[in-house]
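Should a chain be cited, it is by its letter among A, B, C and D, assigned in written order, with residues numbered from 1 in that chain.
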Amino acid sequence: MASVPTAAAQSLPVEPSEGGLGEKLRGVLGYMRRNPPLIVGLVLLLSLLLFCGIGALVYDLNRARPLSVPPGLPPAADYPFGTDNQGRDLFAVMVAGTPLTLRIGLMAGFIGLFVGTVLAFVSAYYGGLIDTIIRGVVDIGLTVPGLLVMIIIAIAVKGNLSVEQMALVVACLAWLYPTRTIRSQVLSMRERAYVQVARLSGMSGPEIIVKEMLPNLLPYLLASLVGATASAVLASIGLEALGLGPLESPTIGMTLYWVIYYSALLLGMWWWFIPPIVIIIILFVGLFNLSVGLDELANPRLRRSV
Amino acid sequence: MANSTVNNGAKPDILRVEGLRVYYDTPRGSVKAVDGISFALKAEERFGLAGESGSGKSSMALAVMRMIKPPGRIAHGGVWLDSRNVLALPEEQMQRLRLAEIALIAQGSMNSLNPVMRVRDQIIDGFRDHDLLLPRREMEARIHELLERVGLRPDVADMFPHELSGGMKQRVCIAIAISLRPKVIIADEPTSALDVVVQRQVMETLRKVQEDLGASVILVGHDMGLMAQFVDRLGIMYAGKLVEVSPVADIFTTPRHPYTQMLIASLPSLEEKGEFRGIPGLPPSLLDVPPGCAFHPRCPHAMDRCGTEEPLMKEVQPSSWAACHLL
Amino acid sequence: MRADYVLKRFGIFLIIVWAAATLNFFLPRLSPQNPVREKLTQQALSGGYLQSGIQEMVKEYEAKFGLDKPLWAQYLNYWDDLVHFQFNYSIVSYPRTVLSMMGEALPWTIGLLGVTTLLAFLIGTFLGALMGWPGAPKFISNYLLPPLLTLSAIPYYVLGLVLLYVFAFQAKIFPIFGGYAAGVIPNWSSLAFWWDVAQHALLPALSIILAAIGFWALGMRAMMVTTQGEDYMIFAEAKGLKGSTLFLRYAVRNALLPQVTSLALQLGHILSGAVLVEIVFSFPGIGTMLYQAIRANDYFVTQGIILGVITSIGIATFILDLIYPILDPRITYRRA
Amino acid sequence: MTETAQSALLEARHVTKIFGGGLFDKTRTIALEDFSMAIESEPPSITAVVGESGSGKTTLARLLLGLADSTSGEVLYKGKNLRRMSGDDWRSFRRDVQVIFQDPFEVYNPFYKVDHVLTTPVEKFNLAKSKQESRALVEDVLHTVGLRPEETLGRYPHQLSGGQRQRVMVARALILKPRLIVADEPVSMIDASLRATVLGSLKQLNQDFGISIIYITHDLTTAYQISDNIIVLYRGSVAEVGDVELVVRQPQHPYTRLLVGSIPLPDPERRWAAEAPAALSVKRVDGRRCKFVDRCPSATDVCLTGVPALFQTNSYRAAACFLYQGSPVLKAEEMDRVFVEAPERRGVRRPDADGGRAAATG
């Protein structure tokens, strides 16, 4: 079998085309067709952004505040998503809250990925005691239920959290998983002969990381960012639903908190909980597909698996 | 090519391969890994199939076992064992035929055994799935006998693969391969991961069990030295085709095909030092094999005809066959 | 199994408990607020106590809870209590102890989580194994996989809310909240009570199982595909083994190993999700208790639950670590 | 030669490398044990280091290249310890000592075209003042190793064959005009018909450019073809050392005999001798005795008493075996005394094989 998989493997990875821009574009489109999760993910997330963007332009977001509209109304022409018990316009809440939730996720995701990447490189590159410590902390940190640790943190810093503080709380644990996965990637890459050749060609350590390793890691880092963002959103919504979030901000998680707090379900106020649920589903399914798509891009061996 | 089936000597043919083609479908077209190969294997014969990477030799081995997986497929041809066409058997019969009549010693001796099963159970599995399970004591005796036959101590049966050295693992594979006394053993690069000393021991073990059993062996590989040491008759593959089939002594003394000639000349020896004679040019991609004779772009004797007309196998002298327009 | 492997795993378990307990102790104390004082002040105000008495009361309570001593003494004290399973009293439900409250809630959570995790793992792994096997029916990959994958992306509790609304509120097939019908006195020797519990547990369980199956199926499928590329699969097929032998004893057996590793890593994650499911269904487990404690600022209960749960997860991981070498004979030889 | 040891280009002194053996790690492997060797740049020679897997040959390569640190002992570049060298010394070390790795695919970063491995050293060592000059330099070395630049540059590694890729690596090493190249199994992953071209390129580096080569391999045949001197390693220790003609054609150490006897010669008339080779060894030999004793057909009680020193059986060879304990002992750091200098440079009379054997037995 030695010969054939090589031939097949050569045809599969993202072939660097030597043609012009049009050909490259066609190549990208052709690739997208072979990677449906990427398209599904992008379409879902873009439509969510579109909803928020257009909504913010045409709708009065002040109505997301409590007592700004009559409470407890079902959807109608004036209030397309209805209003909640405390007099918030739920359409405005969704338009204003989705970007807030995304912001928490992205901030924590970025911080987590950045810290994780740095630690992963430090750990994998220097090895020894530093590596043992970092690996130990990560392995132990990952077995512990993250939500509970964040609860301790959130309670400790309690007061009224801002959206940014919320992101920081979530970021406290967001670096664990990226550190673990990126470390193993760096570790295997460090042993690659091309890294050693680069060293023998006179490249310095940082230069090798930037020029030889990072380019190959990029698709992987992108997939990790999406994964870290999704985890952060999940964690933030969880904390918020427990009442440990930014009480004054109309985020998706806080909306769920109020839903549970006021037992909207038992009151039959379906319009109160269906919008956040739908947005959560679109958001997570979008992020999930995007990360699967990017994973496939980063690790073409999985392609055409079955 | 069908008439090129090589036959000579008194021993009957045990396995015949006729016009076999194995294609792998890729987005860029069909990779013709095996492209019309015919040969016959005689009883108790050791036959070698030599080729460099990309010559299709491993696909050839898997095709005879009918183990080509998608995107690969057997596009054409027949593999006749006695009077049955192996390629036309129903799947269940094919399953029973493997190991019982044709056994494979696969490439990658380091990982050919299931890492989480003891050697004993891996041997027994073969018996069980051929409905040949013996009473416990007899089974145990059979396992001991098999292990001893390949030069291993009986307590190896209780070990896991990771407790064995590379050479021991490959001996276990040989023990499994001969457990049902097959007529044909296909050994695909059986020693590619082993050191020379162990390689010699494993090859001699293989020769010994082959002679004990009276089985035939097809040795697939790239190492011409190993071929010279082990086989009776040798087929040289280039770009998915056989270019020459001759008794092994003839191949090394009077190679007929220019590719064989250059391949033999490129081999380093302990006789003379100095000259490094490689074959200029590159082996073709199996996606895009040159028309006519696949070797013509690298051949010093190429004529106009070679680029257009595919040479057929000819019997150059009794039992020596080659496919070249020069002959 | 070698003793040093077991010892090392046990050491890791101890480190987990130590780290969790220490965080649990120090983090709240770093905060500028004093939870006890805050809570008492709140209670005093709502109860209409006189301002003047509060200071003394706080003092009295602080002495009772040991909050007036220096930090290191508190820390030692804290460990002394932990080692003796003294988790303090609940501030809200004083004089009930945290331990007794947890003792009531923990079995519910372990029951729900244990059953659902095991079921989801088994079903998901089995489906994944079939999806990654060329001989298996195609409808699993084509029709079962996409919805399962979609569900796996959604948080458990969101799925729980949907199920609750559709099956409990609208269709009224299942009860809406609780672990058993309101007003019933738990009686585990009565079959009727078990039936009642089962009805109440079904929706929470379903929301965890449905959302988790996809995760396990996806992981198993990928491992099956990897496994089929291994040399031992080629050799096993050449041994003339039957499809079922190849599937079970060679492919699934090996693909299972990373799944078990993954199970150990996912326990914490699953639990985080399950906590919120309990809250959505007002299931009488640890999650609901935690939610109420957080809402009521019952800080000792919160602490106790978090520590108790992390310890439980640590034990579960330790058990999985002990099982793993039985599945994979190589493990003690690799870096143990 | 020994008096120049002070300023040898590269020197290993009593180098030992042990893997594992940490706090939680019970698997301790001695990859290389008390190895000493000085490599002079003049006259340029080719020294083969031959061994099976686990012999420590790749560890040796990594130590000599400064890619790994030894557990004890030191590696010196022009008399300076690699571990304590200044940045300038490192730059000069990198220029003087270059590498060719085993896998001609792995050495290429899949993100870049083939050009990358050639232009990086040019940039890093300021070998060219302009883009054109750099291009000319690259094309020049490609021509030297027999590649056509227009068929090589601008391509991705997977678009070239294994032989082409490895020759590009030879060109890369050449571009720095090093004085020593460590070639770690450079042809083991290349097809036989293309192997000769790579070996030819290596030989050319040695003859035309005066570059010394350490040729690390498991393959005695190619080692014999290309090298002047040979070091046979067994489980981290030197088993036999000397002139390649002598060592390969009349091996003295039982291990070398076993190795030579196991080579599958491409000659059906000369098949493996009938007698069975030494048994497979399962357990590792521990303690202070000959490492080969468990597999050795000539083992006697003396082999259990200690580790055999290198016995110099004639002026061009030595073997670490008690069979030759009558011969003078060669200290580990004097191993290179038995090396012949490249004959075509010095015109030194080459010891003819029979004379060598007579001296050994005498």
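Worth a mention:
Rule of thumb we're sticking to: a contact is a pair of C-beta atoms (placed from the backbone, for glycine too) under 8 Å apart; a residue touches a chain by one contact, two chains touch by 3 or more.
Please read these numbers as outputs of a predicted model, since none were measured by experiment.
If you compare B-C with A-C, the chain pair joined by more contacting C-beta pairs is A-C.
Ranking every chain by how far its Cα centroid lies from the centroid of chain B, the top place goes to C.
Every chain gets a centre from its CA atoms, and the centre nearest the mean of all protein CA atoms is that of A.
If you average the CA atoms of chain C and of chain D, the two centres end up 57 Å from each other. Our note on geometry: chain A versus chain C, Cα centroid distance of 23 Å, whole angstroms.
Averaged C-alpha coordinates give centres for chain A and chain D that are 50 Å from one another. Counting partners per residue, chain C has 134 as the residues that reach two or more other chains. Looking at chain A, no residue sits in touch with two or more other chains.
Those residues of chain B in touch with two or more other chains are numbered 53, 62, 107.
Interface residues of chain C, counted against chain A in their complex, comprise 12, 15-16, 19-20, 23-24, 27-28, 30-31, 33, 35, 131-132, 134, 141, 149-150, 152-155, 157-158, 161-162, 164-165, 169, 176, 221-222, 225, 264-265, 267-269, 271-273, 275-276, 279-280, 290-291, 294-295, 299, 302-303, 306, 309-310, 313-314, 317. Considering their complex, residues 52-53, 161-164, 191-197, 199-200, 203, 218, 220-222, 224-225, 248-249, 258-269, 271-272, 276-278, 280, 282 of chain D touch chain B.
By the touch criterion stated above, chain B contacts chain C in their complex at residues 62, 65, 67, 69-70, 95-100, 103-104, 106-108, 110-117, 125-126, 128-130, 160, 162, 173, 176, 180.
Note for the complex: chain B touches chain D at residues 52-53, 151, 165, 167-168, 195-201, 203-204, 222-230, 248-249, 252, 262-264, 266-270, 273-274, 276-279, 282-283.
Of all the residues in chain A, the ones that touch chain C in their complex are 136, 139-140, 142-149, 151-153, 155-159, 234-235, 237-238, 241-244, 259-260, 265-266, 268, 270, 273, 277, 280-281, 284-285, 287-289, 302, 305-306.
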